[in-house]
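So that we are looking at the same thing, I have put the structure below in structure tokens.
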Amino acid sequence: MIVGIIGATGYAGVELLRLLAQHPHVTGIHLASVSFEGEFIEQVYPHFLKKISLLLQKPEAVIADSDLVFASLPAGIAEDYAQACVAHKKPFIDLSADFRFGTDEETYTAWYGKPFRYMELHTESVYGLPELNRELIRNAPIIGNPGCYPTGASLAAFPAIAQGLAGTGTIIVDSASGVTGAGREPGRAYHFPECSDSMSPYKVGCHRHTPEISRNLSAMAGRAVPVIFTPHLVPMNRGILSTVYIPLADPVPVKGLLRPSAPAVTETTDEIRALYTAFYRDEPFVRVLPAPLTAATNRVRASNFCDISVHLDPAGSTLIVISAIDNMVKGAAGQAIENMNIRLGFEETTALDMIPAYF
Amino acid sequence: MIVGIIGATGYAGVELLRLLAQHPHVTGIHLASVSFEGEFIEQVYPHFLKKISLLLQKPEAVIADSDLVFASLPAGIAEDYAQACVAHKKPFIDLSADFRFGTDEETYTAWYGKPFRYMELHTESVYGLPELNRELIRNAPIIGNPGCYPTGASLAAFPAIAQGLAGTGTIIVDSASGVTGAGREPGRAYHFPECSDSMSPYKVGCHRHTPEISRNLSAMAGRAVPVIFTPHLVPMNRGILSTVYIPLADPVPVKGLLRPSAPAVTETTDEIRALYTAFYRDEPFVRVLPAPLTAATNRVRASNFCDISVHLDPAGSTLIVISAIDNMVKGAAGQAIENMNIRLGFEETTALDMIPAYF
Amino acid sequence: MIVGIIGATGYAGVELLRLLAQHPHVTGIHLASVSFEGEFIEQVYPHFLKKISLLLQKPEAVIADSDLVFASLPAGIAEDYAQACVAHKKPFIDLSADFRFGTDEETYTAWYGKPFRYMELHTESVYGLPELNRELIRNAPIIGNPGCYPTGASLAAFPAIAQGLAGTGTIIVDSASGVTGAGREPGRAYHFPECSDSMSPYKVGCHRHTPEISRNLSAMAGRAVPVIFTPHLVPMNRGILSTVYIPLADPVPVKGLLRPSAPAVTETTDEIRALYTAFYRDEPFVRVLPAPLTAATNRVRASNFCDISVHLDPAGSTLIVISAIDNMVKGAAGQAIENMNIRLGFEETTALDMIPAYF
Amino acid sequence: MIVGIIGATGYAGVELLRLLAQHPHVTGIHLASVSFEGEFIEQVYPHFLKKISLLLQKPEAVIADSDLVFASLPAGIAEDYAQACVAHKKPFIDLSADFRFGTDEETYTAWYGKPFRYMELHTESVYGLPELNRELIRNAPIIGNPGCYPTGASLAAFPAIAQGLAGTGTIIVDSASGVTGAGREPGRAYHFPECSDSMSPYKVGCHRHTPEISRNLSAMAGRAVPVIFTPHLVPMNRGILSTVYIPLADPVPVKGLLRPSAPAVTETTDEIRALYTAFYRDEPFVRVLPAPLTAATNRVRASNFCDISVHLDPAGSTLIVISAIDNMVKGAAGQAIENMNIRLGFEETTALDMIPAYF
């Protein structure tokens, strides 16, 4: 099994390489990079020394020599590579947004500013969130790997929606990301003295992951689910924490609440948590945490887990679900490999069964 | 003007001392500490060497020798000191929660687990948020200094409520704090390897600042305002960022929106920002940021400013207001000195006109 | 192959468990903890949920049921466990300082304040630095796993000493460690607000790793090598960077130096680097970096590598060697597993061939 | 007193502005910036909003309208501005390296790669380290403000040299800096994900501050003092910690040493510390710390202090002196204002008497 990575020198590409190098069914890896073509990956990233020495090639060469191709590129340029892969019946897993919207060109264009060039490719593509689309992924020629924020947000809200807890009100997703989420290119906002020891929101009300989250929740609900999404930048390398506010369909009497400041362990919360646990019972990478734990990013660091904790507003009107993922793993490279495993019939956890590096 | 600090070796006490030492009208300072009585402050905190050398005394001695007294203690023990100060007509500014609820013993007891011991003291106390109660503070014998989270959250929501923008729906306050907010005592959650490079929520749905926020917003609204509040811990020393979701009374058509992913600078947002700017026109410490800036904690670091940025959900149903404060300054010691300045008739910005230390 | 870990809830114990769980020849693991006996490891460290569920037992039970035992305990209490293991012919790998000094009780007692209780155990013990003692480790009943600082410092200095470059002057080791090096117990010095965004030395001139470094270098030199060692605490989780100043036996003319501020790539440095590279040619975990790279802790993060860069004072009198390790891996748990692999005849890199997590 | 800042939008320029704005004798400030000419400073740095609103002008206009001029520019371009100031008898304080070497063009050129253009300017310039040259500064037309590393290193070594403790051996300066030291321009090395949670040396053996340190120590010694200097980058915003190894002229018997691992409080260390304390008795900004304190950067944060702790190798051959400064204050802007105060006859501590922001 030989795999190719186009866009190998971005952070997601590098994480793909780190994880794929330890995949027992991957016998060869080819890398492509526009910026560093002709160099070796260990020259660009010397932490690969003594482990990996691979030439950075042209995308065409990588596609020609690989059985499956990952692309980790900015939005708007994956279609040609997808086309080439489909033509040669090579599965194509795209980490950009280009294949996350199925045939909904209108939404894609509204948020990403570009039209689809080959609509037929989108017809064949599948949104690669295994917890939502596992069966479709098994045969998809093109898999659109989910965005980092949408992964954590969707997994937090799915059970409440699927089980009828969620009302029709707007779901608010308040998220925070580590700085690797901004990619490898230096910029003022990611210059250490400008972002360390500080917290800041960005793209409030207008981040491109908003329609992707809404699309996922709507798919689960079978109706349009309005979403407000606010991302924040926090001074850490990896991790996304999402705090998701879900208005309940019917406000519930909160049983077992001694007083509002007591630990939020009530019978009602226990019941909802049980629903969540049941919903994800067979999912290898989702952990619904027992009370009184709350999800935190360090407990999933460098793993493919999504941790979820379930809480309830004392007034009984809003469910508060917290999810934590590693943005580079479940939020990008790990989930892409999960999709590869499903697509190729490997055990889904292959090369992804890392224990989190808590510290 | 001689001032006393009871609880001088906690972080808020130390910040009070740092700021008061540069106050031109403060001619003497007395310190009390239970934990370190008999030692000198510069032994406990050697960064004061060559600047301040003061003995840590008993609270009684400090009260006796001071013209005004600050107390920075855990909840539930300020009443006796307040009583002593009132008896000798010395203004008392309490940084704990004990005098933040007026005569509403029921709420205080529900959340803090203790009854009031001297109701008459609470009758005389004023909640020391200058932007809300400036005139009452001028003559208050006891001032209950606001909590850190309630300060940032309330200032973010006040204009929307006061000007009728806010509907009757629940206001969601999603906040993140630096670790100094947890105080000086080491604990597992604040052990560097357990909280650095990570983000985690805590006390979801049950943090004691919830009723204080609700009380403030209700006071502004003239009706009960339901609030959901979720605090998070982020790996930074200082700062609180609050993202406040305010359902609008009437969904507004968003004028000037080119497309949803465009920078959120619309005519409608401009109009709302103008209302905010007008509301705080005469406030020395609130800065409503011009578009397209978003509030961030590093821009208020080590200052008494509260920065506010105003955003709008593209659907036009929810106002998203971000506020940033330094939790040790506007969120604690700075605001306490602001209250002192008001109470004693000094210029309100005296000793508080620091330019933020952006880096 | 069933292994036991005594002291399983300290950071080194937890890292051992994380790595051993992925060791193909380890079929069972037993854990002991004094502090948490009777609990499950995933209760103490919930990041193990869905991955590992193991009861924390008494040390005696762990020894009885294991084929090889690791102990990760404070200095001064390993001898009894070692005795029990030796009696049952079970290899014992101790991560404390207790078996790092061979039979040199005098040095151990001078620095650790305790005598040896069973000298015969020390006679049989081997200092487990594979690059120094690989052959002895193969048959050792007791292996004293090296300290974190001594590992990085010794590997930096060995080639210069072995190849006669080093003179007889004092070797200065200036090191900096991440905060996990301080262990799991919270304390003021490791409280986030007291150590983040700051750098501080500690135990200047009196850190217990000084005699261990000196002993290692002396063993390589065949004479007493005087060492000065200064550790520092830096705000990062993992990693030790050591800057080692080695006075040259004979000052060398620095060939190829264009001007002092030019990049320190000279012919002379190249020659010395070649000697270093040759010295470690067959070592799987030591990487002598090509010019102009300098060792940095993020390039070895979460790996068992020791990166080394070689530099030269422009005056030609002092060799400056930088080494970087992950203090929890090559500096503790990883090296302990390396010792296990050697002792049991496994491939030395088994379960230790991780690619560093650069970001 | 109207002052000008050329290079006002770099970090040192911004820190100058922050501090000068609170200087009681500064009645006006003019700013120049090449990159942002025509904009207002609060547009470039919005943390100045509501505090400072100043147009960024051309350097010539700033010089014309100011009584004293600071320049904070890259090396090699200050001479023209200096010339203009000298011509109009306006004191010129340069924060670059251009006036740090007196008339020693050879050293400057060897390390900075450029010749002097106006030697006569250098004849008139004074190196602005007040602890070394206070009297000369009082009348200097041009003051070369010291480099950040040389300030901390020199203050650490001066007393040992002046009092004859130091031998003729090479003095090793091992330093670590926060990332603001790299300036405002983003770059890969300062991109948050590449430098957070990591430590790395840079320019080993070839940093341009080496000759400046050597020059200072030689001036104090009255002979050439060889220096090896190694800078490191650590994940913090501000601060420089220098660990300085000074070979003693005569190895001393260490009196009072109970055992090597005991706290390094010996009679001999006390004696040396007393010499240090005496040396700096009248210096307002140098604090020789009492035992057993060690210098740390957080205790001088945002202040003009240089903290020094004195330690002794147990073998009695090497003095280990630690110094800590804030690189932006005593290491740059603070010291520049100190020079201004001296030059203009103000109290030296004016606008510089901040208590450190320990957390």
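In order of appearance the chains are A, B, C and D, and numbering begins at 1 in each one.
In the analysis below, a contact is a pair of C-beta atoms (placed from the backbone, for glycine too) under 8 Å apart; a residue touches a chain by one contact, two chains touch by 3 or more.
Because the structure is predicted, anything quoted here is derived from the model rather than measured.
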For this session: Indicate the lowest number of steps between chain A and chain C, counting one step per move to a touching chain.
Result: 1
Problem set entry | Centroid comparison with chain A (C-alpha atoms), farthest chain | D
Exercise. In terms of C-beta pairs in contact, which of B-D and C-D ranks higher?
Worked result: C-D
Exercise. Between chain B and chain C, what is the separation of their C-alpha centroids in Å?
Worked result: 46
Exercise. Which integer distance in Å separates the CA centroid of chain C from that of chain D?
Worked result: 36
Exercise. Tell me, which residues of chain C touch at least two other chains?
Worked result: 11, 178, 180, 193, 195-197, 235-238, 298, 359
Seminar exercise, completed: The answer for chain B against chain D in the complex is residues 11, 14, 18, 21-22, 45-52, 180, 196-197, 237-238, 284, 287, 289, 293, 298-300, 302, 305, 328, 353-359
For this session: Sort out for me which residues of chain A touch chain D in the complex.
Result: 11, 178-180, 184-188, 190-193, 195-197, 235-237
Problem set entry | Parts of chain D lying in touch with chain C, wherever the complex brings them together | 110-113, 170, 172, 174, 176, 178, 193-208, 210-211, 226, 228, 230, 232, 234-239, 241, 243, 245, 259-264, 294-298, 301, 309, 311-315, 317-318, 320, 322, 324, 359
